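Down below are the structures I want you to see.
Heads up, the next two complexes both have chain A, just with different partners, chain B and then chain C.
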Partner chain A sequence: MIDVQSLVEGFFLIFTLEGILCLLLGMAWGIVAGAIPGMTGTMATIILLPVTFSFETMNAMIMLTACYVGSVYAGSITAILYNCPGDPSSACTAFDGYPMAKKGLANEAQGLSLSASALGGWASYVVMLLFMKPIADFALRFGAPEMFMLAMFGMAVVASIGSDSIFKGVLMALFGLLLGTLGIAPTGSLRGTFGIPYLMDGIPFVSALIGLFAFTELFDLITREYVMEDDHQGESGSVLAQNKFTVKRVFKGMLQTFSYRATLIRGWLIGTLVGALPAAGSSVASLISYTQSKQYSKNGKEFGTGHPEGVVASESANNASTGGAMMTSFTIGIPGSATTAILLAALMMHGLNPGPRLFNEHMPMVYGLTLCVIIGNIVMLCEGSFFAYLFSLTMKIRTMYLVPIITLFCVIGSYSIGATLYDVIIMICFGVLGVLFKRNGYPSIAIVLGMILGPIADGNLIRTAMTYNGNFSVLFTSPICIFLLLLALCSVVVPLVLARNKTISQLKIDD
Partner chain B sequence: MRTKTKIGCLLAALSLALMILSACGTSPTAAPANGTGGPASTSPAEKYPAKPIVVLHPHGVGGITDTATRALQPFWEEELGTQMIVDNHTGAGGQISWTMLRDADPDGYTIASFVQPHVTFTMLLQNAPYSWDDFYIFGLLHEDVNAVDVLKTSPWNSMEDMIEDMKARPNQYSLGAVGRSDSELSAYIMMDELGIEFNLVLFDGGGPARTALLGGHIDGYLSGEFSMYGIKDSIKVIGLFGDEAQSLFPEGLPVNDQVKEKYGVEFPTLSSVRGYGVTKAFAEQYPDRLKILEDTFIKAVNNPAHIEALKAIGGDTILTPKIGDEADKEFKAISDLYAQYQDKFK
Partner chain C sequence: MLFEKLLFPIFCLLLVPVYFLGTVNLRNPAQTYLFVKFVAVGMVIVSVFLIFKIIREHRLIPPAERQGFKFSPLKRPLIFLGLMVVYLLFFQTLGFVIVSGIVFTVFMKILGGSWPRSLLISWGLSITVFIIFVRFFYVTLPWGLLKPLEFYLY
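And then the complex of A and B:
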């Protein structure tokens, strides 16, 4: 399965002074950029792309992939500190990370997310090295009906997260689904654009994300003096007074990850497989991993209140998905995520055409790159703990200084998406909506997930109809579809049954 | 009360940020041209280009068109002796970028990348606020001819194989195409002219469509060839919607050679054409500057190093460099074909 000679050649390709420098710098940029709310990994990579044009191909690719891997991890830094996911894929990390930070456990949460990311990512690249071809072939078996079912499975799990009321979750998810259908339909007709040309591409998803999370959170932050809550009284005074951020506490969190081995492995498996599917991406991976862990872990009930396992579930999967995404990108030449699309573009600009040909003709390079990311994940542990510590110091800044800075980042971040003010206006609208939702206990995250899954479900259902001339029976005959359908049913029914059993046993005890 | 003050401050900070941004955003269009606005200060001695030229780009970083522009960029910069800034403003099928060009100062420091038939679709279907009277296309770069691609393992080896199968079993086969493109039109013309029925599956991008073809989820895929080069080894081309086999896939025979005699049908050339344009106002005011743009463009395109760079990614065989009125006429004429079939597209 491994071509040893190419592997060795690949090894020597990356172990050059420039190569290692590119790895370190790319990773550092990825982490810093990814941590800024509104700067997604995709944007960080786009900004870096022109810089690498003049580099040697291998060095350029090392720098870009290191940036990609670093940014996927870094999205969790601000998700934990301010409930502002730096990247959509870290949205689920905020569920438990932010409550932990509010309790004064920011460093521990960062350690958890860092080591879960590194381990998930590391393991997924080892899989990539071993089974690159078979997994890519498996991913190819996902056609329109299968992708539709995957989205349906995602919708089924969305309903069960982030809210005490399933009804509110479903309502929000459906609202997100509706928003996701705006713009040009796959058939070419326009839906809900109200004659505004900007709406033709739908609601810019990152603007909505920044609005719903980062901007909304600001309204909460300004009512407090610090991000951490003063009402969490420790044994000797408030958390705030006795809280000292140290790198040591980050390390402590990193070790804690190993207590959640099952979750870690689950996240890694889900991440690698979902990441390999074209166009599913790390957001879907972390969502599925988080909700599955919530269901099957014995600590599931505490998810959402600041439980370390929730952070591990989300972060292990989103980084594992980078391995899967790169696998499909390199082997079949079709990007598994927006950022890998940029990586492929970089390859083309260096005169290499991604796809099976690349795989056959430039084997050492593909192997070298994989090795580079495996090493990169170890580098990430070192650089990450340093940056995580640095960023956690901002928790000590009074909100009167912090809030204007984050406001500026929100505006610039959303502006940079399409370089139009329209994106900023969308961000503000969603910020206001987010405040309303939050006040009334509606989970904003369900909207975001609806918006991610909506277009996948919508486009693929239409394509199923087009391919099979309006006959939908394939949805119930394709083996992958049936499997996903059963999974979806399970994830709706099992919690209900469990809840019912619990009530019954509760009643018995009461008797 | 304190909270209210704070919210007030937050809103103030926000509006300040917005003002800064809107100032940045409108500066290229709002600044009056040379004080009086007229071409008064255009002494031919004035050096052009004296500052970087912005290339408005209607598609995202990393797409085919973007890659082509960026491959050309260093060579064009060398000829012009100034920097070129590729500015990607995606949105509304390119309409955002082209509207920005229409509104830009007609001084030659803003040009745009144009793609056919995409420009046509914004005009026909989206009520775009511009028409062909606003633009002048000074240079043609590529013509990417649409083709019928099938897997290497497919039983179809010619258009005839496909047509006969589709006639024998109507609506049993599916062909993919990217929506609102030359390949979508080629599907409609095939259905109408050849009287065949198949399931047309529209994709919103080439990536997912190629995945579907490789995974065997569709029986064939209608696409320009440039984007197929990466999966060259897995596919074969059974027909080309162009006159000659200017193909990356030498085995691909023109569709007309295959169907003209047997079925008495002749297809128009169906292709994606990429080029660069300026506003007509600029072309009329500054013919000297336009000449510089045209000359440097053709020199850059024909630079052997540029052709070599394209060769590696399979883009050298589709180069069709043309400049001046010939480029303008040819590029705009493509719109007529789509106007005929306008009601096919929703």
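And then the complex of A and C:
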């Protein structure tokens, strides 16, 4: 299951002075940025992207991956202290973490969150370590029809998960697919360029990503005076007074995590599985784990009142999802979340092509990265405690100072791709589009996935047409294709049926 | 607002013919448009469906409960967007440091920041970020009017 030689090579790849420094700094930045409400983990990773352009591929990936892992945990710090999740994936942590803080148990909650995150993360990376090779080997059997169907399956999942309305998700996914086809087609012809030379390479993916996920958030941030709303500022004072930071109590919380082994394992399993689904991300994993634990735990009724198990359920799942998301990203090239899409973009910028071949051609690197996140979780325990202490001291940041800082990084990140103003214009246009999408419940992640999967689907459909002389029946006769097609149909139909049932039962309740 | 909700499906509906009118070339191989046609047909169907769905949902809301257009929540975002347009216009000619310094000073001042703090943060930030990225991370950023100083940084 594991290629031991590559694993050892990977180990030596990360154990360099630069590698360790990148891990420490990436993790620190991820925790700081992830803890600030309004700055998501995706935004933290995007800001770091231009910094890593000049780095060696391995060091760049270590830094970005560490940032990703750190940011997913860090959202819980402010969720517990101020009821203001730094990252959407920690929203469920606030349900019990903040009531715990109000009871004067903030330190214990921080300890629970830290150890549940680390344990959930570790377990999912072990799964990643064990299953990457079999998945990648299996993916190598995929021909053009199977790859096309895999892309379609990815799109179907994306469309069904990311939105309150499945049709909005489908439209966004199609829009992303269409954008992904701009530029030079696999046949060598030009499509959708309107004679504009900049469009020959298609829409710059990183600029679109920065626009949709970082620049869009600025429009939201700017409507507030402070990073955190006034009511939380008011409450935080009293919470801080009750919860003076002590390492002993944090450690006590860490040990308490082991009392909820079933919840921990449930969170890990849900997190790893949901994380592996395209675009599902840590927020969905955390929500499912929390609701499932509430349903099946004997303490379920106490969830939401400040029960430690609620924190464990949410935090173990959201960090476990990072392992699942990275597993599918590095083995089949389909990102499990917006942040892993950035990791893939970083790989592309360093000249590597994400997809089934990436793992087999760069096995030591991928194993090295997995080892890096396993070690990163130990680093997270130390750095997390330190930053939890710092964040407990103050969190009063005015948005008028934060917005220009993030804007500068967005501009640098997009401009540095091609050193043209066109990239910055694209970033701003997508930022404005992102605001429109956010206000009206359209899932932006579907566009990103569409832009990644569009060229894959397009190229493989053309290849299928050429290989089978225009006969597409192979798409419905190959066993793998049929399996993927059924999965795709299920992922679209099941949410529709569930939504319909939910509406019917709601109507019955109303009657 | 109904118009805002309909904006994206209508945009998608218009995008499809524009995309094809602007790009179809009969000399291209047939496969060039194979996948695009598949996506375009899907987009038209879903857009039309969404338009009808949004209108139907809108009609179910009593007129008194319908949200009208309010300008005040958009004031700050529009100021920011306006300044970003100015930023883009002068980005190449003035250069990264100068345009960032000016635009962000104005931005902070409009939002109620004090002059010394706005000047210090925006110019300090622009210069520091520029030096770090250009000198240490080898990122190409426009020098603009500061081009004569390029020699001193390397």
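Everything that follows uses one rule, which is that the second predicted complex is superposed on the first by the 281 of 511 C-alpha atoms of A that agree within 3 Å, B and C clash if a C-alpha of one lies under 4 Å from a C-alpha of the other, contacts with A are read in each partner's own complex, and residues count from 1 in each chain.
The rule we apply is simple: a contact is a pair of C-beta atoms (placed from the backbone, for glycine too) under 8 Å apart; a residue touches a chain by one contact, two chains touch by 3 or more.
All figures in this text were calculated on a predicted structure; none of them were measured in a lab.
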Of the two partner chains, chain B (first) and chain C (second), which one does A:Thr181 touch, if any: first, second, both, or neither? second
In the superposed arrangement, does A:Lys133 touch chain B (first), chain C (second), both or neither? neither
After the superposition on A, what does A:Lys438 contact: first (chain B), second (chain C), both or neither? neither
State whether A:Leu218 touches chain B only (first), chain C only (second), both chains, or neither. both
For A:Arg191 in the superposed arrangement: first (chain B), second (chain C), both or neither? second
Return first, second, both or neither, reflecting whether A:Lys252 touches chain B, chain C, both chains, or no partner chain. neither
So, does A:Leu461 touch the first partner chain B, the second partner chain C, both, or neither? second
Taking the contacts chain A makes with chain B in one complex and with chain C in the other, which residues are shared? 53, 186-187, 189-190, 218-219, 222-223, 400, 403-404, 407-408, 411-412, 415, 419, 421, 424, 428, 462, 466
Touch list for chain B against partner chain A, complex: 3, 6-7, 9-10, 13-14, 17-18, 21-22, 25, 61-63, 66-67, 70-71, 87, 89-93, 95-96, 99, 125-126, 128, 171, 174, 179-180, 184, 199-204, 207-208, 210-212, 214-215, 217-218, 229-234, 309, 312-314, 345-346
So in the complex, the part of chain A that touches chain C is made up of which residues? 50-51, 53-54, 165, 167-168, 170-171, 174-175, 177-178, 181, 185-187, 189-194, 218-219, 222-223, 400-401, 403-405, 407-409, 411-412, 415-416, 419, 421, 424-425, 428, 432, 435-437, 439-440, 442, 454, 457-458, 461-462, 465-466
In the complex of these two chains, what residues of chain C are touching chain A? 4-5, 7-9, 12, 15, 19, 22-23, 25, 28-29, 31-36, 38-40, 42-43, 46-47, 49-50, 53, 73, 76-77, 80-81, 84, 87-88, 91-92, 96, 100, 104, 107-108, 111-113, 121-122, 125-126, 129, 133, 136-142
Residue ranges of chain A touching chain B (in the complex, touch as defined): 46, 49, 53, 140-144, 184, 186-190, 197-198, 200-201, 218-219, 222-223, 278-279, 332-335, 341-342, 344-346, 348-349, 351-358, 360, 400, 403-404, 407-408, 411-412, 415, 418-421, 424, 428, 459, 462-463, 466-469
